[in-house]
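The data blocks that follow each hold one structure.
Here come two complexes built around chain A, the first alongside chain B, the second alongside chain C.
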Partner chain A sequence: MKKIKARALSLLADGTVKRVLGWERGEDAFDCSPALFENEAEMERFVYGTCAGANLSKYCVKMGKAEGKTLVILKPCDTLSFRQLLHEHRVERDAFYIIGAGCTGMMDENGLLAKCAACKGKEFAVYDEIIDTEECRLPTGTEKRMEQVEKLENMTAQERFAFWQGELSRCIRCNACRNVCPACTCIKCVFDNPGSGVQSKAPVTDFEENMFHIIRAYHVAGRCTDCGECSRVCPQGIPLHLINRKLIKDMNELYGDYQAGLGDNERTPLTSFTKEDAEPGIIHERGNG
Partner chain B sequence: MRKFAAEKLEQLLSGISMPVYAPVEDGGTVIYGRYEPGMRLRLDKLGTDRTPKEVLFPQWESLMHFKMEGKKIQLTEEERANEDYVLFGVRACDMQAIRVLDRVFLSDPVDTYYAARREHGTIVGLACDAPGKNCFCKNFGVDPAQPDADVVLWPAGDEYFCEAYTDKGHALLNGWDTLEADECAVTAIKEEIGKKYDALPFAHLNLNGFDGEHLMEKFESPQWKKLSMACLGCGSCTFSCPTCQCYDIRDYDTGNGIQRYRCWDSCMYSDFTLMAHGANRPTQLERYRQRFMHKLVYFPSRNEGMYSCVGCGRCIEKCPMNLHIVKVIRALGEGEKE
Partner chain C sequence: MPKIGVFVCWCGSNIAGTVDVEAVSEAMKTVPGVVFSTNYQYMCSAAGQKMIADAIHEYHLDGIVVASCSPRMHENTFRKTAQAAGLNPYMVEIANIREQCSWIHKDKEEGTRKAIVLAKAAVAKLLHNQPLQAGTSAVTKRCLVIGGGIAGIQTALDVANAGYEVDIVEQRPTIGGRMAQLDKTFPTLDCSACILTPKMVEAAQNEKIRIISYAKVEKVEGFVGNFRATIRKKARFIDENKCTGCSLCMQKCPSKKGRDEFNMEMNNRPAIYIPFAQAIPNVAVIDPEQCIKLKSGKCGLCEKVCSAGAINYQQKDELLEREYGAIVVATGFRPMDPSPLNELGYAENKDVITSLELERLMNAAGPTKGTLLRPSDLKHPREIVFIQCVGSRCDENTNRGKPYCSKICCMYTAKHAMLIRDKYPDTNVHVFYIDVRTPGKNFDEFYRRAVEQYGVDYIKGMVGKVAREGDKLMVRGSDLINNRQVEIAADLVVLATAIEPDPSARSIGTMLTASMDTNDFFTEAHAKLRPVESPTAGIFLSGVAQGPKDVPETVAQASAAASKVIGLLAKDHLVTNPCVALSDELLCNGCSQCEKVCPYGAITYENREVRGPGVREVRRVARVNPAVCQGCGACTVTCPSGAMDLKGFTNQQIMAEVDAICL
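This part shows the complex of A and B:
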């Protein structure tokens, strides 16, 4: 996508933006890293292609404090995260110039990323301009978004418990899932606070691992856009996004379809109350244990 | 030099009377876990997801218990490891990593928890017949064809060549049904491994200047800002590293007492070595710099040039943002070797 690089260079040159938040090429076609570019010479290493799987939205929380505008390149799914951060007042819209970058699905050495296999679509939730091609608007991936969640729902409670125990027992508490998550923007996470009494640097028991991931999923419920970064970054290959997706599916079923990152200032399913809301007892009706 | 048929390997392992820890599958990942007959060995896997370090220095271990009885505190120390075991299929890089850990844990004051496990283990090394694109061990003086272990295995098609180098190694190998073998065959294997390694992209990095004499120059390099920009501050690199040895000691309130345990810590974390005055590495730049300076500068400057990176390539594979030590070496170093 040479057009994106050219446009970024011209926006830098005419002073519209002070810096570009994009990707820097690495050792091979699958190796690129998020990077900041402040001038034409640095932009020589700029790259946008199928290696650009990382979601740059979360970097915007920190970048928004820099002086002058930052150009940020966001893929369609990344724009949901950015707009959710706007909604939560974690980023200022004026601090960014957003190029919505077309996406044909991101890859790593093993092929299409899992998050792209169940692509949520090619619409941009927020942007200043879009640079894409016809090909970028075609659907990516063939997996239905809730396909794997349904598989889990069809298990017995015992099977499901065994599944998650097996997956979560591999957790090494590296915190990559939390640190990459655009919905996890607490200045100090409770799990990093030595005074909290619940700080745990190691998986002391299986139960504690369960607690960490479940607490995290509940904390981001209603705010998680399902960007899939948690599973992409997990060094242990745990399908963490399925916990979040299950909560999204439940919310859709109980409160009507809702996509975090598309709202502006209205109340969200979990922050509003109506008399029609499901009663807590519904968990007994819906459980299949 | 001895040899045995590859198809006999599982039989040999099953015949060992001690517990055997070997690369086995754990839900799509490969770990050094307790081997039981019938399990699928993953001797093909380079850069296992969890390292053999964990057998000697687990992510979490109990150190002691305190119990209150009236006004008295009763203290019970955790027993040290006292069972012999075999750690099987350790690559040359991971074996060098154990030598790095030995430097830390076996020098005065000796870490008795680590020392006990080290003493009871017999390590069987495995030569890398097919080093991969993320391998760069030779830069740190590691020979992928010759792990520095008690016993070494060289895979050669349908057979394994093997040799013992220590008393422990001889004791283990003597119990195996092996045949006399020709030394020359292994020499050829080693040469072949050397050639394969030389063709890899990170085979020959330039480590000039990564030493104590250039410490401040490296420390003050303007490159760190750019290198660390995308770092998430997660512990993927440290926890998948075979040499990272930092730990924290914590007390766990059991309700009627205290369990004192130690667990791995990560210099990537905001509360790493937190002191009363606050964090001494306040931003990710300092934390990121610490990790690589420790591997490439501080450790060798205090240990006769021994780097605490062994070139296993795990951080290359695991970093969610593709930031890794080869990029640091290239950015801070003097370019490629001629």
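This part shows the complex of A and C:
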């Protein structure tokens, strides 16, 4: 943390950047929230450590419009989100100075974050410099990430429906998942747009209201980097990331392994067509309901 | 609220048989917006159309719903009717209560209920329709023909003779295709080369035709009237403009191990070669797999002997970009490989050959200079057995071959049998067959001549086993007419193998978004009424690419395809579909996903000042080129924010339809 803070201060001082997007210390050791620092005095509150779980990429969409460069500190998995935003032209690379910050797994009061328990790797997808001092020994790999998805896949359709009905009926539509999601960057979300036809429908049941999550998962499909922020911020503890992971797993199986935020952005599974693509009938074949 | 009229068609008994049309038109009277509803025997008839026009005038209708057949059939008819009566033609909606209702239901009550729901959905959509204006797009007056066999040549000649430019793209080093490999053609037995080569020469000499051989179409973009193709012209390591076709290089080339594709690989050819004497272009090509110079850097003999200085070992593939108004698929066929049918012993026995191999063995330019000698020991065969339907007419579940009849085998087998009996009267010829099918002008007479005049032994039955015993091939089969098993000690066995589409067809079909059947034959826009057009506008079908055909049929179809091409190229402008995508710049995020999915390249991005309530800033937003957009809707479903919408099929219209059906 010291190295990162020192580097941030020097970049602020020499005018390379106008502001720093990082984290600040809150009420207790676990309270570590995204914050913006514009001078040395504000930087007093700067903190980086094992509780800086929040992904700062989403804030970059707004920060990118501010004058001058913004210093943003991104962990390896956060850089995937940032790079995906670059692919989608939602941020300009020149507007940011990126410090890739080493990460040994992030925690909250309940221990290691779910997203870190299935770490996607230690590589930085985009950065100006890397400050990485400690070696991380967390296991990585897709298999671990997909364990729970496989459990859901092995349920019968009725069991699975009951599972999601139970989970999603707890949703209070606080929109935290949407607001934190680095893939949800629409200028006007369809759920806020009266013209979309989905905004003001009266729900018939609690569960129907939560088709919201299904729609949202489809909107970010192919663009979701599996950063896990949706589940991390959910006040009701709904494992929302599992919906996204199921879609990622299906895409990997049908169109070959793909990680949003990597690659050259030329070929993405859902926006490209090849002769080898699965036929639509696959949906029927794979459904085990 | 708009005033809507509903017109329910009986389609004779096609709809009225399973749908209570009276009940449908009555039920529609209670739907909000509907001010007039009726039914009639044939809405598409002049009387039916007059009924619509009269109602539009009398009730001052703002839009009409016709509950009838598929919009593919009569949408245009009713649009024109509405337009003539003063309505915008896009204020017409068709409820398909025939293909999607009456034809698939047996229960009248159920059918009626569904017809009412479909008509209600159409009304719900129509309530959100906006009048649309069609634009126009220019037509590039040039045609691309993919495949330079007899089909492609004939189409190209006909189109060129009408005054339009044609490019023939042929994957092999010469045009001519399969017909060039044939010895004689049924039922007149003229020499194939003698009738084909004049056409090849005519194509080469035609100023409007450009032959691009040893090339393949790599990419096609655009739409009817405005296609843009990328063609890869493979390096032949010869300067086409310099080579005189003298063939001296072929004689001197020390590498003679290339398999002669033209002779079905029954003999060898040099690494530098001209496929056959009458090849067009008459230009050599170097096989890089066999050429010593290209593989090891040593040799270079051909360069030394070539007085024209045409050899160029450094030549690279060349990419051509050309624009076309129409594309003709004439990709042809190849014989199926009979090796997987183990019992026929094709893979193990040199003297079990396919009919196309026999064509080469009987041809004066073939590996035996036209003397019929069997491949294993070059002896005259005295007992020859033909087996028909090898890989054709197979049960689809057995994986032994094709479900279809290859159509040409009965006739060419009769031809082979007759020619052999004529030339070598001491040779016995037996033909195993399932059925003999000879529909065609002078075809049955031809077959009967083989049996009656030439004494060919036709045996109705299948062959169970071909096995080598000494220098004989023992053919065991059944004779169904005499109800006994037969065994023939043959010197040569000829398999009439099924024909299958050329392997290049599948990728070309995908490239052109032209639909194909499960056997990879291209499907026609209508099996009976539009047999030479693909359902994809601007794509036409010529020859065996569409289904098995003999030479006369292929030529007839090739000319038919040409007439369709000419009809298209004769137009200066095409009316474009106004149902195109439109981006709402206030909602657009500039994420570029729509640009990526657009198969027509109709979407571009630009930085533009966006103004709206409380908004004034420069944003990166999508722009649709309405002349290029084909209204496929891929962008609308990709757009996460709903900024992209499709005129005539707006999200709101689709939602209204769904609600009308579900709520």
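The rule is short, and it goes like this: the second predicted complex is superposed on the first by the 267 of 289 C-alpha atoms of A that agree within 3 Å, B and C clash if a C-alpha of one lies under 4 Å from a C-alpha of the other, contacts with A are read in each partner's own complex, and residues count from 1 in each chain.
Throughout what follows, a residue touches a chain if its C-beta (ideal position, glycine included) is under 8 Å from a C-beta of that chain, and two chains touch if they have at least 3 such contacts.
Given the structure is predicted, the values throughout are model-derived calculations rather than measurements.
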Mind checking the superposed model to see whether chain B and chain C fit together on chain A or clash? fit
Going by the contact rule set out at the top, does A:F273 touch chain B (first), chain C (second), both, or neither? second
Residue contacts on chain A - larger count, chain B or chain C: B
Once the shared chain is lined up, is A:C77 touching chain B (first), chain C (second), both, or neither of them? neither
Which of chain B and chain C A:R170 touches, first, second, both or neither: first
Consider the C-alpha centres of chain B and chain C from the C-alpha centre of chain A, and write down the angle between them to the nearest 10 degrees. 130
Who does A:H89 touch here: chain B (first), chain C (second), both, or neither? second
State whether A:G26 touches chain B only (first), chain C only (second), both chains, or neither. first
Smallest separation in angstrom, by C-alpha atoms, between chain B and chain C in the superposition: 6
With the touch criterion stated at the top, can you tell me which chain A residues are shared between the chain B interface and the chain C interface? 188
Show me the residue ranges of chain C that touch chain A in the complex, using the header's touch definition. 506-507, 510, 586-593, 596-597, 599, 605, 620, 638, 640-642, 651-652, 655
Which of the residues in chain B come into contact with chain A in the complex? 26-29, 49-50, 59-60, 201, 226, 229-230, 232-236, 238-240, 248, 250, 252, 261, 263-266, 269-271, 274, 318, 320-323, 326-327
Which residues of chain A touch chain B once you look at their complex with the stated criterion? 26-27, 31-36, 54, 59, 166-167, 170, 172-176, 178-180, 188, 192, 194, 199, 201-204, 232-233, 235-237
What residues on chain A touch chain C, complex-wise? 87-90, 185-190, 193, 195-197, 219-220, 268, 270-273, 275
